[in-house]
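Alright, structures below, take your time with them.
Shared chain: chain A. Partners: chain B in the first complex, chain C in the second.
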Partner chain A sequence: MTDTPMHAGTTALHDLGPAPVADDARTPVLSVLGVSKRFGAVEALVECSLDLYAGEVVALVGDNAAGKSTLAKVIAGVLQPDAGYLEIDGQPVSLPGPGAARQHGIAAVFQDLGVCDNLDVTANVFLGQERTHRGLLDQGGMERVSREVLSMIGANVPSLRTPVGRLSGGQRQGVAIARTMLGEPRVVVLDEPMASLGVVQTAEVLTHLDRLRSLGMAVLVIGHNLNDLRAVADRIEVLRHGRNNGSFDGPTSRNDEIIGAITGAWRQ
Partner chain B sequence: MSRTTGSQSSLREANRTLVIETVKEFGGLTQVELIDATGLSAATVSTIVKELTSSGVVDTQPTSRSGRRAQMVTLSPQTGLVAGVHVARRQIRVLLGDFSYTTLASTSLPVPFDQPADTGLDRIALLLAEMIDGVGRSTSDLLAVGIACPAPVDATGMVSVRGLMPGWEDEQIGELVAKRLGCAVHVDNDANLGALAEVTLGASREVADSLWLTVSDGVGAGLVLGRRVHRGFAGAAGEIGHVQVDPTGSICRCGNRGCLETVVGAEALLAPLRPLHPHLTLRDLVDRAVHGDAGCRRVIADAAATIGRVVGSVCQMVNPPMVVVGGPLAESGEVFLEPLRAALAQHTIRHLLGPVEVVPSRLGSTAEVTGALVLAVQRTDVTHRSET
Partner chain C sequence: MNAVASVWELAQRNVRQSGIVVAFVVICGLFTFLNSNFLSPGNLTNLVLQYSYILILAIGMMIVIIGGHIDLSVGSLVALTGAVAAVVVIRHGQPWWVGVLAALGVGLLVGAWQGFWVAVVGIPAFIVTLAGMLMFRGLTYQVLNNVSLSPFGGTYYQINNGFLNGLLGGQGFDVFTLVVFGIGVAGYAFSQWRRRQGRIAYNQVVESLPLFVVRLVLVAAVVMAFGWQLSQSRGLPVVLVILAVLVLVYAVLTQSTVFGRHVYAIGGNLNAARLSGVRVRFVNFWIMVNMGLLAAVAGVIYSSRTNGAQPGAGNMFELDAIAACFIGGAAVSGGVGRITGAIVGGLIMAVMSNGMQLMGVPTSTQQVVKGLVLLVAVGFDVYSKRRGSATV
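The block that comes next holds the complex of A and B.
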């Protein structure tokens, strides 16, 4: 809601203003095209396709071992597809590693979050990409940016000096998402962000997702609870045995149709 | 408030009740303001406040009014916990506070459009239990809950109009939540409760009559007459979203044709922008308008003009000095308020005391949930509780 410009040291982060109109034009930011991935005898993904557009939250649902996390890892550059490829802004790309994905503006938050419990909030946000000023850590600058990115996604933490181990599950999730914001991502992938969270914390995470959409990002969220996912998702994509098994409009679809597609009662 | 005549003790009892009810009505007020509002003598008010403070019903805090020291009188926070819940179409908002209207915790949970009542009611109970736990208290401290519903609610707490809250209409919402939480639960319409919040703690506290207008997924109004929310016989007073503005328009979810809501509801406002912005939400619309997007500003200004025609008729009938505007659209500030003022000027008679004052809500997006909390406080008998 604020229109304060954000300046992070010399690197400007996202302008907090609304995304430019061009972002909504109908070229997907990211396309997954016919991707297959096999682990020995297990076909984790079979000619799987997915488009993500700017300013859109897409929920990826499916039974256990439907290939959801594998797809997330392919998008994040952690796994390389056996067949098929990815496109960014309509251009084919290869993502040999997570670093390459980050350079293309793809940020991912996995279930383990990768936060260090003994470090405080600022240290976690800047973990591995600390800023220095004349050879010393630029503590003040990093705290300012941390505060900005946390407020950008609507996260509440009691204090930036709190060790992350003392935060609630929802707040830890917020710190992990805030960290990805430093790379100015255009695509954010979240693997099971609401797993084992209470209702109050689920509310916090859903609010973050909503905020990421408003910032003009393409958001892919993996989860189980249809009620929670449909609260924020514009579109719901179903995977079944590694294959696409239906695409549903978030606001107008019904839970029973989606469950039918997840369980295989309904086939594409 | 009826004054009893008779013995000294019944007079004292009546005055005591009057003081408590006045504190409830204004949320909190200084001892001097209390003298004004009750019409009792300074000595009587002072004695009663002392008595009520020592019995733990009210609490006094030093404050200042126009640079002078004063005593702010509120209900005692020690009385217990109280909560407000707003079940909106796309979110459930919960506010946990105490009887002095201090907020202890607040949460907002996004929900899908057609959330079934069983899931929703469970969520409300779980949210409250987790929030109470989060502030280090126990659910047994929770004395009352108010629930704001996006549909008219009759005197028994049942939704009284079909089509506005699908899946919840046959539920005894109050009873079901009361059973889960073990405390009293009061249910009312969200627009009525927005009005109650503003007159108790917000922008219209100083005026006797006012109109609360909220523009969100739908449009609603709450009418305050003589500082009381006018609910009407089925609780449907102020449902301006269902005033007909286009006799040949679309059929509304209420079953009638061309209701105001079909023209300025969230879906109607966003539809013309869909080709450019496929996933725009009401909040995005307001954000873009605030940042100067001409198309979004136009959509909001046109909506304000249409709403102004209907609100103008209401103002003509009731002649309130003030219209308080809430809901996301009001957060666009003058983008919405300026054309609304212009429309009101065109559609009401000009009188010498000046135009109706149009002000933004002081409570903003928390008006309805705050009103639900106020309802819970006002319906709780604090005297008997503190004596036991």
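The block that comes next holds the complex of A and C.
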């Protein structure tokens, strides 16, 4: 990597191409198995389970405080479950921190917390996984890879030297999603990527999700707007009071069914 | 494909940074106009000797502030480390370097102590260092048994008061000093040229070639004029060499290392940094250790300058260092600022103090003026931010 950062970067990205589908069709890339998480007296997750397959976008929906973000943080290694565990390719793993999750190919984008406004685009894309050359930051190499990943997910930013604080909401999400593309991710978790975005910017983010799927990744996206999510999701999973409360086919299910599951009018 | 930015564009893009440099030039010009002695060889030399320790503190303080913290204990720590060196060298008759090492060791230890409370326990640095300010002042009195110790004499005294002079001869001026400055200017020009070539290679915006050359020539002229004046006085101050090395090392540390990048990230958005896998505790711990080390360096230089240790030394130094950082472009909320900014901010404070002293302005008025300058500088920052200008 020290000599040819450019080459290393592109190789890493090309390795992500559609994984061997024959096996992955049966073994999920990531399984959440009976995970529970408490915060004091509050049960955020109760024996919650979820499977994610390669080349699939799964939407996770639920009312406020249904445990969506908690589940995302457990998968990303930010929180550790009190009970239950995670499997990657059918092998149990423990994720003591975000770094460990990333080593297992899990990348996450969190709501409003993903970027540092004072740093430029490249610095944000590589934050926490900077490349170095003889002990110093490899600025040029990182800029080249940033440009590549941004174009891969179809994001458009004016300049890589722009502080992220001066970008639009959609561009910021683009940068946040581009972050996940480094280090050969296979699972990408996005917590409310469309929150407080306008119509055009939402469409921009949906394009990014579609690109991630076509790169063969397993994508878990958390959101509220069912119409937006159904435009891109293959499967919609419902959480209610921290429990699984229904799984729906993305394109064919009806909104009222899903809303019933979210509100508790319909139970699994 | 290479976009070439106009002067106006560049000035706007770095309105804060260039504003500070312009203000510095204006202040220097003003004092030159008011007092013909201001730019004299003797006074410029004196300026370097008199404020070097504030500049060294400002380097460490800038990193602390970029990380979103503050350090109120550095003044007391300057006193404590100077006192330890004095006890070792003067009372116990050890060689000068043992005293320096002892002071640096105490600085590292104190830095680790404060780093522990800030990074591991999670107490805001404001509180930890406020406690430190009291504790280290008290410890200074205990180490010195409430009395001043002097004189250091010998090599220790030369750290702040020594000069590299006469190594290459010269008639009425020191050739060695000029050679060192020449090498410095050449190095600066070379690094700027390489940076420009790099930017062109990555299709980034650069200033036009004539503008680039004019800027280099201007900087070179100012620096060489400064060197010429020094060479006519007593030659190259040792402390200026120490300061130059520190500025270079810390400019690279903050701008071109992973550690520096993470300091900016923590100050910019703590949660984003943590979720991105930045080791926040590690970085915060070493920010404080580094501040302790630099405070010890300042302590050695200050005790060398005064040729002894006093229980009350370094009082209010922390406020001078903090003011230097904010005048030099640091943001109150953290995440923004540069080492060069801290130096220019510190120089503005130094030039104002020195200039007003030469004019015989009373100390009380000096403090009022310095306070107003701090207020105006940060006010300008807030104003330009509201207009959406770049501040990084």
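Note that the second predicted complex is superposed on the first by the 240 of 268 C-alpha atoms of A that agree within 3 Å, B and C clash if a C-alpha of one lies under 4 Å from a C-alpha of the other, contacts with A are read in each partner's own complex, and residues count from 1 in each chain.
Here is the rule we use: a contact is a pair of C-beta atoms (placed from the backbone, for glycine too) under 8 Å apart; a residue touches a chain by one contact, two chains touch by 3 or more.
Just so it is clear, the structure is predicted and the values come from calculations on it, not from any experiment.
With chain A as the common reference for superposition, the partners chain B and chain C occupy compatible, non-clashing space. In the superposition on chain A, A:L127 makes contact with chain C only, while chain B stays out of contact range.
By the touch criterion defined above, A:R166 lies against chain C but remains apart from chain B after alignment on the C-alpha atoms of chain A. After overlaying the two complexes on the shared chain, residue contacts for A:G114 are found with chain C alone; chain B is out of touch. Of the two partner chains placed around the shared chain by superposition, chain B is the only one that A:V200 touches, whereas chain C remains out of contact.
In the superposed model, A:L50 makes contact with neither chain B nor chain C.
Of the two partner chains placed by superposition, only chain B is touched by A:R213; chain C is not.
Rounded to the nearest 10, the angle made at the CA centre of chain A by the CA centres of chain B and chain C in the overlaid structures is 110 degrees.
Chain B and chain C never share a C-alpha pair closer than 17 Å once the two structures are laid over each other.
Looking at chain A, you'll find no residue that touches chain B in one structure and chain C in the other. Across the complex, chain A meets chain C through its residues 76, 78, 97-99, 102, 108, 110, 113-120, 123, 127-130, 132, 135-137, 139-140, 143-144, 159, 161, 163, 166, 179.
On chain A, the positions that touch chain B within their shared complex are 1, 3, 17-18, 21, 24, 26, 53, 55-56, 198-200, 202-204, 206-207, 210, 213-214, 227, 230-232, 234, 250-252, 254. Here chain C touches chain A in the complex through residues 198, 201-202, 204-205, 252, 256-258, 261, 264-265, 267-269, 271-278, 331, 335-336, 388, 390, 392, going by the rule given at the top. Residues of chain B that touch chain A in their complex: 90-91, 107-115, 119, 123, 126-127, 130-131, 134, 276-279, 281, 283-284, 287-288, 290-291, 293, 331.
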